[in-house]
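Next come two complexes built around subunit A: one with subunit B, the other with subunit C.
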Partner chain A sequence: MNKKPDKKDIAKAYGKYAKGFTPRPNYVGNCLKAFFTGGAICMIALWYQNTLQDTGLSEKDAGIFVTVTLVVIAQLLTGLGVFDVIAKFAGAGVIVPITGFANSMVAPALEYKREGPVLGVGANMFKVAGPVLVCGISSATIVGIIYWIIYRF
Partner chain B sequence: MEYLWAFIIGGAICVIGQILMDTTTLTAPRILVIFVVSGVILQAFNLYEPIVELGGNGATVPLPGFGYSLAKGAMEGAKEGFLEAVTGPLKATAAGIGIALTFGYVAALVFNPKSPKR
Partner chain C sequence: MGYKKIGRQSVKFSQKPFITGRGNIVGEKEGQGPLGKCFDTVLEDDMYGEKSWEKAESKMLKGAMTKAVSRAGITFRDVDVMLSGDLLNQLMSSSFTARDMHIPFLGLYGACSTMTESLLIGCMLVDGGFAKHVLAGASSHFCTAERQFRMPVEHGNQRPPSAQWTATAAGAVVVSSEDAAGLCRQVKIRAESATVGKVIDAGIKDANQMGAAMAPAAVDTLLNHLEDTKRGIDYYDLVATGDLGYIGKDIMMDLLSDAGLDKNKVFSHYDDCGTMIFTKEQDVHGGGSGCGCSAAVFTGHLLRQMEKKKIKRLLLMSTGALLSTISPLQGESIPGIAHAVSLEVE
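Showing the complex of A and B:
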């Protein structure tokens, strides 16, 4: 019975001890890098969307094509091993845009590739993307049901 | 002007993510989940729509934009009926999820893991 709190105390003390050695991140520099890379990705996406709309696509369809293109580029770069290099520099600048979501599908899948195409690649694609899809879709479905009830009554 | 707003809003959302990464012990998957769910919740109260109108792709390309399309699909479907409300979120994002899955699977099968350059 007494063991549990003891272990917790040790873990806490160790956390404090280890904190002294972890280098403090350069907050301002990281934020600036994230701001500029994230902003640049969004600006390029907008330029691409405008170009597509000029060819006659509707705004909605053009938006879908932009998302799809960003996803494909990010997954290609992940496969080539370039995405990690960019992510190391840009941090959240490439992780928060949809590119990070695309990367999070391929990266763990590659890591577990040795376990086979089904249980290795297939299962691990959802290691990060799974929670995102589950939480996102289920919360959106709940929103939809609530709105349906509101519209009905 | 349009481009400037896309740059500022997209950049600002990424800075929020960077601050979360640097100052908290939250791991990347949790941050992604927080962003998507906050996009859904903001849009549920119609709060994300004005950001999209102002920032365009600056608001739709980051992950809250994914939550925004999910919620928007649900809300538009809810006007038509129960089934449409439930299929709405997936319908709105089907192309993105479908390509991400298919191309991601192919990419993972084609490429071999590389150790990152240090």
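Showing the complex of A and C:
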């Protein structure tokens, strides 16, 4: 006698069947776009840092200046409604650098403006970035402890 | 009074309620779509002069309802019940629209299937003699739905090819027991039967695969409707699902032909509102979705086609994905539902 197929198996089979109808994202194209836009941002940032250092700033100060500039530009573009258009094209190219972080703070801030400065913007500003920060800092702590143990013994 | 249920899930209306009024308002992007000219009002600004997206959605729903009531030749005082729903928590848009209306209100949630849900219950109320005029509607707004279910609008991310675009649209109809206003219409559109759908869960967990999640429910409702009414799919000039999108539509057609329906008949008698409201060039990926999608296509395009007698028998089947904002996070799969209402031209 045939055993009745498990619910999970049916779901799996249907998921596979549905996938057959779904167009696949263009992974290679998206990677290339991300590589070149991300690379271009980094190149410009480095050129900017070098120029700043030439004017007499220390490497550390110049680095901070570049970071601040990138964040401000990304925030401004988000506010003007351009960043999401760029991100749709460039993907990880603009999301992985600090520009993505700036965007993930400003976007919810804009979104929750109507709910008030404290309970709206204040409560939701870290809605997107918050989980990333928590996981990032937690894993950094764990890695730090492991490093400390290895270093000690 | 006779018993009106037929078969397992369907009802047959003995009085055949009239669809006397229709109204709709759509956003800018929908207005640029292939059906742009069919809609009553196309917004230039999706904010609609309001301070929040939610208020804009309420105003759109109100506008659609006002248009429907005036087309029906009645006033809001004549409306016995207003049935409406949307995608927001606690039905914010509908309730806040009803706040200004001062007419009895029943809020409905059927996710994107709300348009047929409200129409179906409206027809039942009228057919059962509980109301003379029922106002049935639904609305959705891209920005309100996006912030509730996904990411902030300005957040930079790439949408997968299967993601669907929530339509910024509102639609409403007036269902009446008689063509009361005495407007001597050339064409009378009447609701003739309806099928209440079951919740079907095919186990899809990806919230970006709505079409695939809802297609089995649509197939189930359609097959039950055809069986209950003892009809073939070619009885209808058009069977229109709500918002399965390109992927869901393909799956639906494939499943229907698997179920033994003639492939050519399915191909020529079936379409999906989510694929009609936008073109693929509008960067909507999987097609349109949301309550407003089927509401606006139905009131703007399909009913207009019926008035011109280009469609004489229509089966409207809005489809809904009954996920909540927390259920995907808890690892739940997405249940789907679809209701069907059969309309005919007299």
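For this structure, a couple of remarks:
Note that in this section the second predicted complex is superposed on the first by the 109 of 153 C-alpha atoms of A that agree within 3 Å, B and C clash if a C-alpha of one lies under 4 Å from a C-alpha of the other, contacts with A are read in each partner's own complex, and residues count from 1 in each chain.
What we mean here is this: a contact is a pair of C-beta atoms (placed from the backbone, for glycine too) under 8 Å apart; a residue touches a chain by one contact, two chains touch by 3 or more.
All values derive from a computational prediction rather than experimental measurement.
By the touch criterion defined above, A:Thr141 reaches subunit B but does not reach subunit C. One of subunit B and subunit C touches more residues of subunit A, and that partner is B.
Touch criterion met: A:Ser104 reaches subunit B and subunit C at once.
Once chain A of one complex is fitted onto chain A of the other, the partner contacts of A:Ile73 are absent, as it touches neither subunit B nor subunit C. By the touch criterion stated above, A:Ala18 is placed in contact with subunit C alone, subunit B being left untouched. Contacts of A:Leu133 after superposition: subunit B is touched, whereas subunit C is not reached.
With both structures placed on the common chain, the touch criterion links A:Leu119 to neither subunit B nor subunit C.
After overlaying the two complexes on the shared chain, residue contacts for A:Ile95 are found with subunit B and with subunit C alike. 25, 30, 78-79, 81, 84, 88, 91, 95, 100, 104, 106, 110-111, 127-128 are the residues of subunit A that lie in the contact sets of both subunit B and subunit C, per the superposition on chain A.
Residues 25, 27, 30-31, 33-43, 45-47, 49, 63-64, 66-68, 70-72, 75-76, 78-81, 84-85, 88, 91-93, 95-98, 100-102, 104-106, 109-111, 113, 117, 121-122, 125, 127-129, 131-133, 135-137, 139-141, 143-148, 150-151 of subunit A are the ones that touch subunit B when the two sit in their complex. Against subunit C, in their complex, subunit A makes its touches with residues 7-8, 10-12, 14-15, 17-18, 21-25, 30, 78-79, 81, 83-84, 86-88, 91, 94-95, 100, 103-104, 106-108, 110-111, 114, 127-128.
Of all residues in subunit C, those touching subunit A in their complex are 51-52, 147, 151-162, 202-205, 209, 212, 215-216, 247, 250-251, 254, 333. Only residues 2-3, 6-23, 28-29, 31-33, 35-37, 39-41, 43-44, 55-58, 60-63, 65-67, 70-71, 73-75, 77-79, 81-82, 85-86, 88-90, 95-97, 99-101, 103-105, 107-114, 116-117 of subunit B touch subunit A when the two sit together in their complex.
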